[in-house]
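Note that the chains take the letters A, B and C in the order they are written out, and that residue 1 is the start of every chain.
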Amino acid sequence: MAVASEQQVGIRRPRIPSAAFGWGGAAALVALLLFFGIRHHVCPSNASAWVSFTITGLRLGFLYAMIALGYTMVYGVLQLLNFAHSEIFMVGSFAGLYAFKTLFGITNANHPNGIGGIYLAVVLAVGLLVAALASGGAAVIMERLAYRPLRRHGASRLAYLITAIGASLFLSNLFYLLDGHSHLGLPFNWPRIAGASPVDYPQVMKKVIVFRIAKVPIDSQTILIVAVAIAMLVVLDLFIRRTRAGKGIRAVAEDPETASLMGVNINGIVVMTFFVGGLMAGAAGLLYGMFFTQALFSMGFVPGIKAFTAAVLGGIGNVRGAVLGGILLGLIENLGVACTGTQWQSVIAFLVLVGVLMFRPTGLLGEQVGG
Amino acid sequence: MRSKTTVLRVVTLVALVAIVGAACSKSPSASSKKTVKIAEFGAFTGPVAQLVIPGYQGAKLAFDQANAGKFGALPVTIQFTQEDTTGSGTVIPPIAKKVSQDPSFIGVVGPNFSGESLAGGPIFNSAGIPFVTASATKTAINQNHWAFWFRANGNDDEQGPAGGDYIAKILKPNCAFVTSDDSPYGTALAGTVQTTITNDGGTVQAQINAVQTSNGSVHPTDFSALVTKIQTSGCKAVYYGGYDAEAGLLRTQMTSAGLTDVTLVGGDGIEDTTYATEAKASGEATVATCPCGDITKSTSPDAQAFVKDYTAKWGVAPGIYSGEYYDVARLYINAIKAGNITRTAIKNYLVKVNYVGLTKTYSFQDNHELVPSDVKIFYWKDVNQTFTYLGESSQVLAAG
Amino acid sequence: MPLLELHDVHIHYGGIEAVKGIDLSVEEGEIVTLIGGNGAGKTTTLKTISGVKRPTTGSIAFRDKRIDGRPAHEVAGLGIGHAPEGRRIFGRMSVRDNLAMGLYAASARGSRAEHRRTADEAYQRVFALFPILEERAEQKGGTLSGGQQQMLAIGRALMTRPDLLLLDEPSMGLAPMLVEKIFDVVKEINRQGTTILLIEQNAHMALNAATRGYVIESGSIVLEDSSRNLLGNDQVRKAYLGEE
């Protein structure tokens, strides 16, 4: 009951009076570092280098945002850190790859320059749909097999966490084993889908330079990534805010028991949440795989960790926070590299995360779904 | 209800165990001769396996030929096993312990990579089992003074200068951007290249240790930040110390960022088909150094016979280190043929060996490196998406 | 035929029996109150009626149909509204969205236009009862005062025009003046045709509003009578009305 009475008044975060000083101080520090960095030729002084890092950061940031939504929504509804989400992303990448390859017969060998026109739009749309649905479906199946039994038995948080890690290892190793050979002593060959080596991603949309900003070339796939990401993020935001199911998700995130009194089927909402998170991750998987030209069983690990970080940065459980966190993380880790080396990329990203959490323990926008 | 499902579960479990058991058990082959085992340590799965398989196939061919009596009667039968490290220094220790503790193993081929050599070396050495690599090229490995370690090939002190010289003397770019992954091999190699170019009078911008090396669970694919760094430097040549999986992606991403006129140079870690197929057209003109020549170009009858046998057995032409590891296997076979079937006896044999193999002459210095005059470094160039033999380094440099 | 009938209902929390075989019925049009001390099993009983908890044994019938064991979200669609203990409003949603949540069960079927009509009608009805909610419609639920939150919780439960309204401690934590006001509204709701099952620790207010009452102690019903008789009962006066 204690929980209930806390929730009725809403969670009021203690306001730190010096918060403004904190942000101002951080900005001043960054500005100072930059000034001396440029003066002493540690940081590049030409605009095109900065533009270039910004574009790289935005591209990656939008991808992180799409993946981060799955972490944040599932956390919002179940308080579960679904670490297998990175593998849901990987499943989508492979699904998109085979949609291009098998459904449309497009490979890099027979279409070295990709395709164009309306056909390209159709192929991309179908590919994205297949990738999204495959990931959404995989997420729903995972919820059914791995998490639902735990919920039915009221398992502890730790049990969820270990199950999530187990599901993640299971999925990535499953794809590792799907290499066309026989495994585990079974007398037949496993289908050849993934395996130990990266699988070449059909470049249905050739990376061509579309225009330049400050001499920095912007390629077609970067534009595609940003456009698809923005479209999907806007639709998702409307879905959460405007639709009946979206309201159900927000209600369950805030108070599952009361939501059920209102007629919200919690199991249905949980399935929906996994599905929607999967859709976003699947589409991101296709875009990521195509941009970086390959798909691999372990490809989800790094973007998964980064997207999770983005979700925490923005405020885990908060949908807009995940988007903000993703874009910021992408920018920070790439702009941070400008004055240092690429080996510092992750260090900078996590330092910023730690710094933000010290001043705002609930992330930039606070922990909530919708809001 | 409850008991029924429990019974079902037990039955399923028993059935599974039975299936797995039946598949795993193999009837031992009847043989009157004693069997000794030699293990190859390397990546048989994972993103760098393609660097190991051709060498393994070369060694396997030699051992099969030896057991069939091609090199005369042997006192024992040799069983050659694969120990899959995935190329990782964190994976190797338990496997190295297992093999070291099994007295039927009398020698090790490999480890194939520098990182796993450094991690597995102390285990092999304290167990007193000889381990002979032809592809772990990081120079500092010899600083361990392991009595049971041998390097049957040149090291990065020889490969690095060849890479640096190619950039400084042949490409002559405005400046060279030297970068690497985080492997012991890649960082050391890039360091040597940086020194060489500077000594040759070239300009260098270096960012060593910029990329995480692939292993079982990590496979970096996003090199955008590094590409932007290269773009910002304006250098027309890039040296990459590291492996093919990353190098191929780096090359494609450089090209799609518009760096089409920048030449990539690397070491033996990138010299194979994975790089070429991954980089596709953008890999064109990439140059790699390797302490490995093109055995198929050799005119010696032994080498030609090897190429023929290898191709017949494996259905592909010899690849990277096929000939070198064939030679390593021959070193073991010769030792065994001479009656050395204990670990120490083989080590003592190798210390004094002087053997003319397919690819070079093998005789070791006190630090168990090859005698320098025997080491050769070769250049390879990506032409039409396959690495094509350019020639031995000293000749190419002399020709300008 | 009673609107709601509980027969020999036992409820367990883990290994502990919280409700030990109660019988209870509510006739159409009544206000029935269930009074008792802290931990007597009042809230547990209410949660079991609305399906949040399952009874171990026993039956619960609503309009002669068994509803025990059906999940809460299904029960919500049958015409039972529940304003839970502690109000439990959605603090991060606007007042309007909180009320919209009350219509969640009803909005599963039917056309968009019908929904719009039902919703407009429901908002008007609830805003007529609680004009303050209309003023604060766009405000976040969490920013309302305790009394306003209670009104919102009741309003939310009334959106579907339920046949039976379950009210759990509506007076909890409110100033006496507000308590009176809430109870006036409760009576008004009943006058408009909604049957009410009311749980209260404030036995005086509850019995004055109700037609009949049950007294529950440690999971068992110990008394059952008309409100007038209960107000006159010595035992009740001592234990629940604070009189000597």
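FYI, a contact is a pair of C-beta atoms (placed from the backbone, for glycine too) under 8 Å apart; a residue touches a chain by one contact, two chains touch by 3 or more.
Predicted, not measured: the structure shown is a model, and the values here were computed from it.
K.L.:
Tell me the shape of the graph of touching chains, choosing from line, ring, star, complete and other.
P.N.:
line
K.L.:
State the chain with the largest centre-to-centre distance from subunit B, centres being mean CA positions.
P.N.:
Centre of mass proxy via C-alpha means gives C as farthest from subunit B.
K.L.:
Select the chain whose centre, defined as the mean of its C-alpha atoms, is least distant from the mean of all protein C-alpha atoms.
P.N.:
Going by the distance between chain centres and the overall C-alpha centre, it is A.
K.L.:
Hey, how far is the Cα centre of subunit A from the one of subunit B, in Å?
P.N.:
36
K.L.:
Distance-wise, how many Å sit between the C-alpha centres of subunit A and subunit C, to the nearest whole number?
P.N.:
Averaging C-alpha atoms per chain gives centres 43 Å apart.
K.L.:
Averaged over CA atoms, how far is the centre of subunit B from the centre of subunit C? Could you give it in whole Å?
P.N.:
75
K.L.:
Which subunit C residues sit where two or more other chains touch them?
P.N.:
none
K.L.:
Can you check the complex and tell me which residues of subunit B touch subunit A?
P.N.:
Spelled out, the residues of subunit B in touch with subunit A are 19-24, 45-47, 49-50, 182, 207, 209-211, 216-226, 228-229, 231-232, 245, 249, 252-253, 256-258, 274, 277-278, 280-281.
K.L.:
Help me check something: in the complex, which residues belonging to subunit A touch subunit C?
P.N.:
1, 4-5, 7-12, 244, 247-248, 250-251, 254-255, 257-266, 368, 370-371
K.L.:
Name, in rising order, each residue of subunit A that touches subunit B in their complex.
P.N.:
44, 46, 49, 52-53, 56, 59-60, 108, 112, 172, 184-187, 196-198, 200, 207, 209, 217, 219, 292-294, 296, 298-299, 301-302, 333-334, 337-338, 341-343, 345
K.L.:
Help me check something: in the complex, which residues belonging to subunit C touch subunit A?
P.N.:
Against subunit A, subunit C makes touches at 50-52, 71-73, 76-77, 82, 84-93, 97, 100-102, 104-108, 140-143, 149, 156.
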